[in-house]
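Got some structures for you, see below.
What follows is chain A paired twice: with chain B in the first complex and chain C in the second.
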Partner chain A sequence: MIKEYDVIIVGGGITGACTARDCALRGLKTLLIEREDLCDGASGRNHGLLHSGARYAVNDPEGARECIRENLILKKIASNCVEATGGLFISLPEDGLDWQAKFVTKCREAGIDARILDPEKVKREVPAVNQSIIGAVSVPDASVDPFRLTDANALDAVRHGADILKFCSVEDFVRESGRVVGVRVRNAGGTQEIRGREVVLAAGIWAARLAEKAGVHISMLPSKGSLLVFGHRVADIVINRCRKPSNADIIVPDDAVSVLGTTSDKVPFEDCDDMRVTAAEVEVLLKEGVQLVPSLAHTRIIRAYAGVRPLVSEGGDGRSASRGIVLLDHETRDGVPGLITITGGKLTTARLMAEMTADLVCSKLGVNAKCRTAQLPLTGSETAERKVSKVIDHKLGNKAQEGTLAAVGRHGSESLKMDFKGPGAELVCECEQVTRAEIAYSIKEFGVRNLQDLRRHTRIGMGTCQGSHCVRRAAEILAEELGCPDRAGEFLNDYLQERWKGMTPVLWGETLREAEFMRNRYGRKDYEI
Partner chain B sequence: MQENSLSVFNFEACQKCSICNTVCPMMAANPSYPGPKKAGPDQERYRLKDPAFYDYALKYCLSCKRCEVACPSGVQVADIIQKARLEHAPSSKHPMRDAMLAHTDFMGTLASPFAGLVNEVLPLRPVKAVLDGAFGIDARRTFPKYSSEKFTTWFHRKTEKEQARFDRFVTYFHGCYVNYNYPQLAKDFVKVMNAAGYGVHLLEKERCCGVALVANNFGRQAVRQAKVNIASMEKAVAGGEEVLTTSSSCTYMMRNDYSEVLNLPTDGYRDSLSLACKWLYGKIQSGDVKLRFRKDFRMKLSYHTACHMQRLGWQTYTIELLKLVPGVELTVLDQNCCGIAGTFGFKKENYPYSQKVGSVLFEDIRRSNPQAVVTECETCKWQIEMSTGIPVLNPISVIAAALED
Partner chain C sequence: MGGKTMRFDTVVIGGGRAGQEAALTRARLGKKVCLVSAGLTLHVLEPGAEGHPYGLLKNLADEGVTVLRGDVVTGGNWDGMLLREVFTANGVDLQADEFVLATGRFFSRGLVADMNGIRESIFGADVDCPEDRSLWFDSDFFAPQPFESFGVKTDGNKRISIGGNFALNVYAAGKILGGKYNAGK
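Right after this comes the complex of A and B.
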């Protein structure tokens, strides 16, 4: 910790992590503060979709242009976080083809490579797709791992000199003659003041409440989006509906699962800390999802979850709420110097949001430094493919190599830091192929507190069995690595509660059987519903 | 809510209970085999994401299907693994050997005319050394001898006309081993059927069932041959005849794997395809057939349930049938895999695992000390004879030997 930072960024989601990286790369003394673990809020509760911009092409051409630019940049700089799956926009008979014509024109105007495909060919090549399609357009959508992208940005920020304070909440701002000059934070160790020349709020929907403490009002609308996780990849490509954006009209292949979403409902601020998916939402998602991929009607759903979009309504009412990037300079807007808010936007455009923010911070600080985040590869994706292939020697059929390919897929060249030999070879999570080596690396690099934190950095317990197979072993290993062997039981129980929360809305069929198996295995408990 | 949550990917029913791992003979013998749970449902999710996740160690799966027998959720674990191998397995380091082992029909056609010579040459030490060194066929293995006269040749020359005296018929799928190596079993089959009052027809066209092709990743060839067999069996069944076999592996392949692994239609014949013992036991029970056995027949036998027999769940019919034969003293062995898994155990790199898997069974056989072991699987026969020196008979041969002349 140093005495005064150039910039303090509040919020360890994707926007905050990208902003911290950008500022650190420009040579600013940077601090990132997060009240929980990185990626705990909306950044970890979305589709994992790297938009091509096509979805916005008709209604928001500027957003579409931002998306395609960032899409191409992230494919280059974040190769271990992005899988260039491509995307489809399908038209069903009831949709007609009018929207498709407009859509393709608008995509091309925005610079998105949209191509009209022969629906018959699409039906053959993507057998999962609704076979009654009358049209299909290909776009460069992709799948992105938001946990990984946040981690990679945070790691790179740290490696360029930034500090990160996790599990530490901002209680208030430190003000001197109207100017924000720092933050007062609370963590397990108590409260303290940290001084910063500029403070950036990158806290998603939580920015509104924080800003009030500085006497600044930001009109935000929390918008809940619910999603379903299906047990395997139903298709290798993102499938969208070619019509006016609506509920549950995108399915994304994320890692070994498929994620269907989303809904969009206004919710009160007080619900934002604990989002629960309702039965009605599950019903809407399923009803619409089977229109994209009919087999979803009988594909195992392993979990449901929800996140909150930080929509900003600067005009005042809900309809004009923008999903675009909102950068607020509170010095000019509200007469509160030293405070900046970055919000709105999308996972896809987080890097651009960070660039805009860092530009503003630099101009305030009188620093003349160019943004380099669009060119420098992120941590883990330094295209060290030859080196990485050393790690992957799975063709030997050697047991010690199990899980290494998955680790390389998740961490890219960072996996070279993992020791897959000896105890590290133990495969702990068999669904998601997480080895002890990957666990040890993640504990060291990301400072995890519990199994839920560990999950965000490794995918442990995120597969079909939701941890029922591995959670006890994982809890023991975590407790051992953290040097607190007596806490294994506590880790296990906390984790099961969290898994249960996601399984409850979809508790039927195979997932119900799994839940019963889990309950009988770990003992009956009262779960918080 | 969904009506069910089982897609075409039956692995979704997997609850990760790992019972399959506890019954996998390979997992116990070879620590580099990931076991059925991982090799099947777990890794399949990742193979769907990226074929690079194909694990080379899947080659160790014996396709014994014990995982499927054990699975409380009905996951077709072995089929998932077999399909993954057909789709993703890298090319073999011994392509020539694998092709020879897999194409049993072709090799039989080549070898039969020179059976005497082939049988003399194959067991010679220098020949074995070459097969071992250059081809990767373990020198400790001995190939089954080829017969100088194929069963089909004998059938057409010696007995086909005689069969016409019956007024009811069964159709016999003989299989490669019987045709090229061991026609005596087929002759025993004809004897037993005739004694039961049934004439024997052969299929219009018969090809190798393809079990060895599939195991050696010759999927396309397997489909071609299966289609010939399916058409012939459909024709026989449409003509009102049951199709009988004397091999549990051929039967399982054609009843189950044709549809489950090769995605071919089996509805036209599946319910009418059976093992001779099951069919015969049913006929005896219903009173349709009465067999007369010799009074002086005495034999101490141990019954080995072949893995595919266990998967079919039909061993009970054979056991009950053998119990009907006066003079048979029968020990039913604990159900353990013999380890050969068709062509698997012939491969040099697999030999130690093959023998390790089989060791429990061999010990049980020695302890029961029979005159002969009885089993429906020809490759179990080779393995048990090679590993214990005790002769192995098909139950139909036992019935044939016990029949009153």
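Right after this comes the complex of A and C.
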């Protein structure tokens, strides 16, 4: 590890990972610090929606323009993270068509390709959609895997010389005559000081608490967003409601499942580390969700989860507070040189947030280097290197190759680093088609310590069965690959507790049936492995 | 309901362990018994359990129990609180002097839960459970779960009740009985 970095970035979510990549590409000696695993916070607890900007076109034209620009960039540079599903904005009889007219005009002004469709044609082509629609508009919304996108940025940062410290929390700042010159960190090995010429807080809602330690106040508003995961893809396209943005008016196809969201409620800071979805939120989500897709009323809900938006408060409720990008130069704002905060914004605009931050860091350091993140493809996304045939063992049958193909889809050219020969081709998670080779790769590249970490990097257990069928096998194989076979039972138990947290808010119908099955199969803690 | 009608002493609804035991016990007392099982195959008890290494399946046939496989009871014909006959999805009307409800809990769909409550799936029998959904579970996955002790309300003879009135000839058996005795496994 280097003694002094040019820039230390605190927070391993999508914003921090993008900022680390950008800084590393500009030749800065870069360190990214994350207290848990990458994507542990809001970056791993959202819709997985790559906005086209249409949702913001009427109320926030600047946000809309940012979104569509970034949408087009990510489709190019992160092809292995994005599924270009397209999106619909539907109007129901009670919505009328006035909003649609204004919406389409504003979309076009922002450069978003919005097209009015014949509702009859939409009803035929997307049979899941509410059949009473009176209008529909197509926009270039897409589905994005936030875990994969964060990983790809982090890997690219490392490839260009950055260091990453995970499972390491920032306790305080190191200050010299008022200037922030580094951070004091704590991990399993104890505490240490790491020096950096600039320190960037990219810690989402947790930035507020950290900034206080440097005597800087950022007025933030934790806004909880709850979502529901349904057992399959009810539609292959993002479906939005064509009206003023409100609760539960977007449903996104994410890999094998559909995600409905969100709510927006103020929560206290002390709740941010353990978000639980309430019965009232579930009721709101379902009541509104069935307006978009009526069959949601009978579709199995596999889990509920929630994340916290790091809104910078300007009074008002969660939806009217600014969702724009907030870049704070604490030298000019608070007289604390060496410290910068990047917050607000959206998953869709994370690359732009990173560009703005890296621009500021470079100007502080007197470095003259241009941003290249909009042009250079991300690790895994380089089409030229995608020699799929190289990793596939053609001696195996088609069925046995499925896991290999899934890994190629998920990791692109990174899959060349996986060994699918022999035991590596063994399929562990059947819903998401995760093989032993992908597990071994994730341990090596991402320092996976347990099943929760593994889930973030491979999607293991995130499909239709939510691990009911594969988790025991997965726990054993992970423990074996990590070289600690005696911990398999612990991995299994922790995974089940986490899954239970997501199931209990929706414990009725098919979910309750599944719960009874799970309890019968795994309900004894002293499970022998 | 216009289907084929058959007459028995006892009709057992549900082919799980409780249903099989109930059918077998009555058959051994010389009763004419019909067992309706949703499954095409009957659940076989684990080897060694209660001296039946291959489960009760073989014994059922030996004891002359009529088994309707892959069929479910959809409703019944009541005379006050006396159940005269039940109807099956395959169009069989089963008349009997007594009925045993052994359809199990949630997994086997004896009880059905939605957002607003829990009901017994065939007769709408009264269910003993709290209204508040947050009382259905314990947030620790490994703790005993309240929903595993939910079941139908019964009188001292394990007869079900509907709308607060006890049925005269419908008995609950197995997991659908609820109570701490049946919790867990």
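Details
Going forward, the second predicted complex is superposed on the first by the 501 of 529 C-alpha atoms of A that agree within 3 Å, B and C clash if a C-alpha of one lies under 4 Å from a C-alpha of the other, contacts with A are read in each partner's own complex, and residues count from 1 in each chain.
Keep in mind that, in the parts below, contacts are C-beta pairs under 8 Å (C-beta built on N, C-alpha and C of every residue); 3 or more make two chains touch, one makes a residue touch a chain.
Just so it is clear, the model here is predicted, and its values are computed rather than measured.
Contacts of A:L405 after superposition: chain B is touched, whereas chain C is not reached. Residue by residue along chain A, chain B and chain C are tallied for touches, and B comes out ahead. Once the two complexes are overlaid on the shared chain, A:G523 sits against chain C while remaining clear of chain B. In the superposed pair of complexes, A:L286 makes contact with chain B and with chain C alike. In the superposition on chain A, contact of A:C465 is made with chain B only, not with chain C.
Contacts of A:L496 after superposition: chain C is touched, whereas chain B is not reached. Look at A:N247: by the touch rule set out above, it reaches neither chain B nor chain C.
By the touch criterion defined above, A:T504 lies against chain C but remains apart from chain B after alignment on the C-alpha atoms of chain A. In the superposition on chain A, contact is made by A:R513 with both chain B and chain C. Shared contact residues on chain A (touching chain B in one structure, chain C in the other): 282-283, 286, 508-509, 513, 517.
Only residues 105-107, 109, 112-115, 133-134, 136-137, 139-142, 145, 147-148, 184-185 of chain C touch chain A when the two sit together in their complex. On the chain A side of its complex with chain B, the touching residues are 231-234, 236, 253, 255-257, 282-283, 286, 295, 297-301, 394-399, 402, 405-406, 409, 427, 430-431, 433, 463-465, 468-469, 508-511, 513-514, 517.
By the touch criterion stated above, chain B contacts chain A in their complex at residues 1-9, 11-18, 31-32, 34, 37-38, 41-46, 48-50, 52-53, 55-57, 59-60, 73, 90. Considering their complex, residues 279, 282-283, 286, 493, 496-497, 499-501, 504, 507-509, 512-513, 515-517, 519-520, 523-525 of chain A touch chain C.
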